[in-house]
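This is the structure, below, for whatever I ask next.
In order of appearance the chains are A, B, C and D, and numbering begins at 1 in each one.
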Amino acid sequence: MEQQPTVVLGVIGADVHAVGNRILAYALEQAGFKVVNIGVLASQEEFINGAIETGALAILVSSLYGHGEMDCRGLREKAVEAGIGSILMYVGGNLVIGKREWDEVESVYQQMGFDRVYPPGTLLDEVIPQLRIDLGLVENGG
Amino acid sequence: MEQQPTVVLGVIGADVHAVGNRILAYALEQAGFKVVNIGVLASQEEFINGAIETGALAILVSSLYGHGEMDCRGLREKAVEAGIGSILMYVGGNLVIGKREWDEVESVYQQMGFDRVYPPGTLLDEVIPQLRIDLGLVENGG
Amino acid sequence: MHLKNEKWDMDYFTTMRENALREWPTGAEVDMQEALGYHKNLPAEKVFSTKLAAASAAGITLAQPRAGVALIAEHIDLLKYLQDVGGADLLPTTIDSYSRLNRYQEAQTGIEESRAHGRSMLNGFPAVNHGVGACRSVVESLDVPVQIRHGTPDAKLLAEITLAGGFTAFEGGGISYNIPYAKDVPLSRSISDWQYVDRLIGFYEENGVSINREPFGPLTGTLVPPSISNAVGIIEALLAAEQGVKSISLGYGQCGNLIQDIAALRSLKEQAEEYMTRFGYGTAVITTVFHQWMGGFPQDESKAYGVISWGAATAALAKATKVIVKTPHEAIGIPTKEANAAGIQTTKQILNMLKDQTLPDTVQLDEEVEFIKKETAALIEKALELGEGDLALGAERAFQAGTLDVPFAPSRVNAGKIMPARDNSGAVRLLNFGNLPFEPDIKEYHRQKIAERGCSEGRDPSFQMVIDDIYAISKGMLVGRPRR
Amino acid sequence: MHLKNEKWDMDYFTTMRENALREWPTGAEVDMQEALGYHKNLPAEKVFSTKLAAASAAGITLAQPRAGVALIAEHIDLLKYLQDVGGADLLPTTIDSYSRLNRYQEAQTGIEESRAHGRSMLNGFPAVNHGVGACRSVVESLDVPVQIRHGTPDAKLLAEITLAGGFTAFEGGGISYNIPYAKDVPLSRSISDWQYVDRLIGFYEENGVSINREPFGPLTGTLVPPSISNAVGIIEALLAAEQGVKSISLGYGQCGNLIQDIAALRSLKEQAEEYMTRFGYGTAVITTVFHQWMGGFPQDESKAYGVISWGAATAALAKATKVIVKTPHEAIGIPTKEANAAGIQTTKQILNMLKDQTLPDTVQLDEEVEFIKKETAALIEKALELGEGDLALGAERAFQAGTLDVPFAPSRVNAGKIMPARDNSGAVRLLNFGNLPFEPDIKEYHRQKIAERGCSEGRDPSFQMVIDDIYAISKGMLVGRPRR
């Protein structure tokens, strides 16, 4: 692999759940990505700036603590304003308060402009191949 | 109490659940009833004959094991044939196979001619006063 | 033939078989030679005794539910679900209560009513009515070993049909499937009928087909003191071994006190092996079965999960070879397949979390083991004495004399004179000994333990205490403390 | 003021209070004298420390859920349900994550959105926004004591409002509510802010009102070795006691291995009492809190019940004063009130069944206790040394030096150099010690234990092993065995 594809990773809002973030970063690195991990308590601005500064191909947002709906709203619009409107955006975790129908949750986040939405318990073995496909990296993926 | 009111008690059909029967018998005796306990594996005939032979005022049928619906059908008719058609009849236990709506279960058994139908977990503290009322024994009940 | 603990001769067995196979038309389907061949072609992972022996060697605990419905296709669906969704390691086929009492005509009505109502009107699978082919279709639809579980004093035909039908394990025994499951069946008859079953299994064994035999450990499931059920289990194991049975699982029903339960299971295995060796059956393999609480359950499902879990944890810490799983519907009725699978999943979560843990040896544990073994030995030795050295006869006479006695049993051949109650830490002790042949020191131990409780509750031990104990777990406790 | 473990003088405290109460308009509602009077009129059964002390004396374990929603009426309904249907012995009021970071404006938006959507959009109850009167309406609606549970590095205003609001217990601490709950907050600041809270509680105590304080034991909830969380708990207890706190509950998050968990809780209480006595706070009352598994849960509810039950069983056998209860929805999201009540009911079934049972002392248990105490002492003594005898300063420097280090913590003031992994029986050990000041014999003990596991799994211990352990319980195991 000539150049490593870069992704920005972080946990949005007032959320401090650090364990999944740590594992995501590790797994993405193992899979050959360059990971810009902005960690927990990340603001929308940090995601956008991180992506611009590093020329990242994707933004991967985690939200575990339940406030995701409020925290994620407007992220796509900010990306558009910042001139990276078409960047790939994934979101995953415990995305809403409580147990709600997954279809409903998925569509809430899709409407916010996320390309893919992942439920709790998602296995990374599924996510990483998908990411490669969405980034058009399948041929040269490791 | 001058004369003890007599009741026939038993577990109907191919049912061998003996523990509840033992406790029912004990509790009824403690409450001043004369208990004719025909025990487990009791046939409809044993209930009817027991009642006739002892001049019992009530027949108390238990069914725990799930076949109650098949085993109890026709008991009231047999009582009618035997000339004790208006005898008070209670049934209690785990009256059907599996978890079913109680209203449905109750009405199945009421249609078979049972005067009162008791769900699993019935406390005897409720049953015995009711029995006294239904037998018109309230004034002289202990 | 007079009741005698002696391997049946082939002629007698053959005559008995002819009669047994005529009890219901499906008996004609049994062809022993063909059945032996069928078994030999079963893959190893479907053979009960193989899987048990492997688990026992690995020190892990397998999970097995109870389940059975009236119709074949539905029964297969149910078991598949418990295997695939529930993750059951071993499967059952629970027989309905009519068949258990050989009332095949009523079972037939149940089958028809089930078809008509579109739901099972029977509390189990009427295997005799369905016959050999149906049994095989059950076995063939599944990936794990399947056992017949029932409660049948006379299981001759049931054994013939289900073993020819490819099942590789069979529960029961002449005592354990009589005393808790019948009212009027003499022990001489049920023991002899079970000698038949054991001889049949011995015959399979002699022909290279291993069938696991499991005496029903919990008996009435309600406050049975460990030594009583252990004695019955060991006696049945010895009777079975005499007829040639080689793979035996001995069961015990959870009482609820961790130390007593672990001690009971440990005693059971150790003492069974001692007796088997003493009587020359040392080559038989003994594994253990732990039954999650067999008495009355709480109605609330979340409370039931608590009871199920505590059983699972005890089984794992006791290193039982398998655990028989209850369901969150226990107090209400035969569980749906979902509720049944849920019970297995809860159980397996605990088994897996605990499989690498052991409860270290302690003085208290050793003391319980010692007492249980002493009591169990007293019961078995007395039976041997009463039988003038013959254990089959001795078992019958022991029940007559009340030197073996099971609490709350429906059977008239059981004396019903003993009265159990929990002590202050929830262990099951005896309040009345009836005619149990216990030494004074043992009786004193029980009395003292129950007195401690009486003292802490400020009441004299009595039948009310026993009733409180019977209701206790269903009301969210272990010890039935006086109501305020 | 420089960070110092010394009781604040009244002037300094008064100045600080004036600032704190101005952070949000509801601060103006706090009237300390009136609040003291309010507390004195609370019936005894609503006072946390009283109920804890009684449970501790009786040797029983109380059950407490977590719960909080955005709006007042809904929050009261929720808690009433958990009390009446769930049977909770103690109640919480869990604060939302915006408030925890003092983002009261966002919490306000959450309140408004919750009203608009008709469902809670916040993951807790924003007590500061709701104010003193609302807090009192919560306390008054319930029959059992209520505690504030949160995760707030700077809880000055929250404490003021909720204590004036009649709550009788308050969770947190300058380390335990910083390291796992923040990214950039210096320990000097959070410790000082918590000295404020402790001084406030000390002030209540001095005026005859007892408030229970509970350092947050589980920290990140994920494979935290017992000595780390015990050391943090004991340090926070000492810091709190210096400010006049008298009723302290020390917590520990279940790791999953029974012996280790019981040893950890026992060590925690014994060692805390030793340190309290050594530093002259011997009059404070120490009780214990056991947290059911705090890491990732299985999604399947029946499996979650298994995890919950095993936590309940361990809490009961460890004789914890209270157990914090998880729910079958844990892996998915904030539980419904029904799911929350179910978790309590499962827990209470087990607590009640086990309340009269104890795990007897064993060599293994003693060994674990000894090692945990040795490690904990090493960590605390090092902090004292680094602080030149001052524990507040020492705690800050210990984290800087990495001689105190919490696995998987988000905070940058945490070194993050240690790496835990389970041994072959599921006990949490250390694979990397970072800068922990452990003697060679202790390190050798850990290494050997993990090597045993590596050996049995045929792989070298590595980060992959740690990841497998993190996922293990959610996948139905305790030890994360390699996938096949």
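FYI, a residue touches a chain if its C-beta (ideal position, glycine included) is under 8 Å from a C-beta of that chain, and two chains touch if they have at least 3 such contacts.
Since the structure is predicted, the reported quantities are computational estimates derived from the model, not experimental observations.
Greatest centre-to-centre distance from chain D is found for B, with centres as Cα means. In whole angstrom, the spacing between the mean C-alpha positions of chain B and chain C is 30. Averaging C-alpha coordinates per chain places the centre of chain A 54 Å away from that of chain C. Multi-chain contact residues of chain D (touching two or more other chains): none found.
Within chain A, not a single residue touches two or more of the remaining chains. If you draw each protein chain as a dot and join the dots that touch, you get a simple line with two loose ends. Looking at which chains touch one another, you get A-D, B-C, C-D. Of all residues in chain D, only 256-259, 298, 300-303, 305-310, 312-313, 317, 328, 341-343, 345-350, 352-354, 356-365, 424-426, 473, 476-479 touch chain C in the complex they form.
In the complex of the two chains, the chain D residues touching chain A come out as 96-98, 100-101, 103, 106, 109-110, 113, 119-123, 151, 180-184, 220, 222, 295-296, 299, 329, 331-336, 339, 408-410, 463, 467, 470, 474.
Chain B makes touch with chain C in their complex at residues 13-19, 22-23, 26, 39-41, 65-67, 69-70, 94, 96-100, 120-121.
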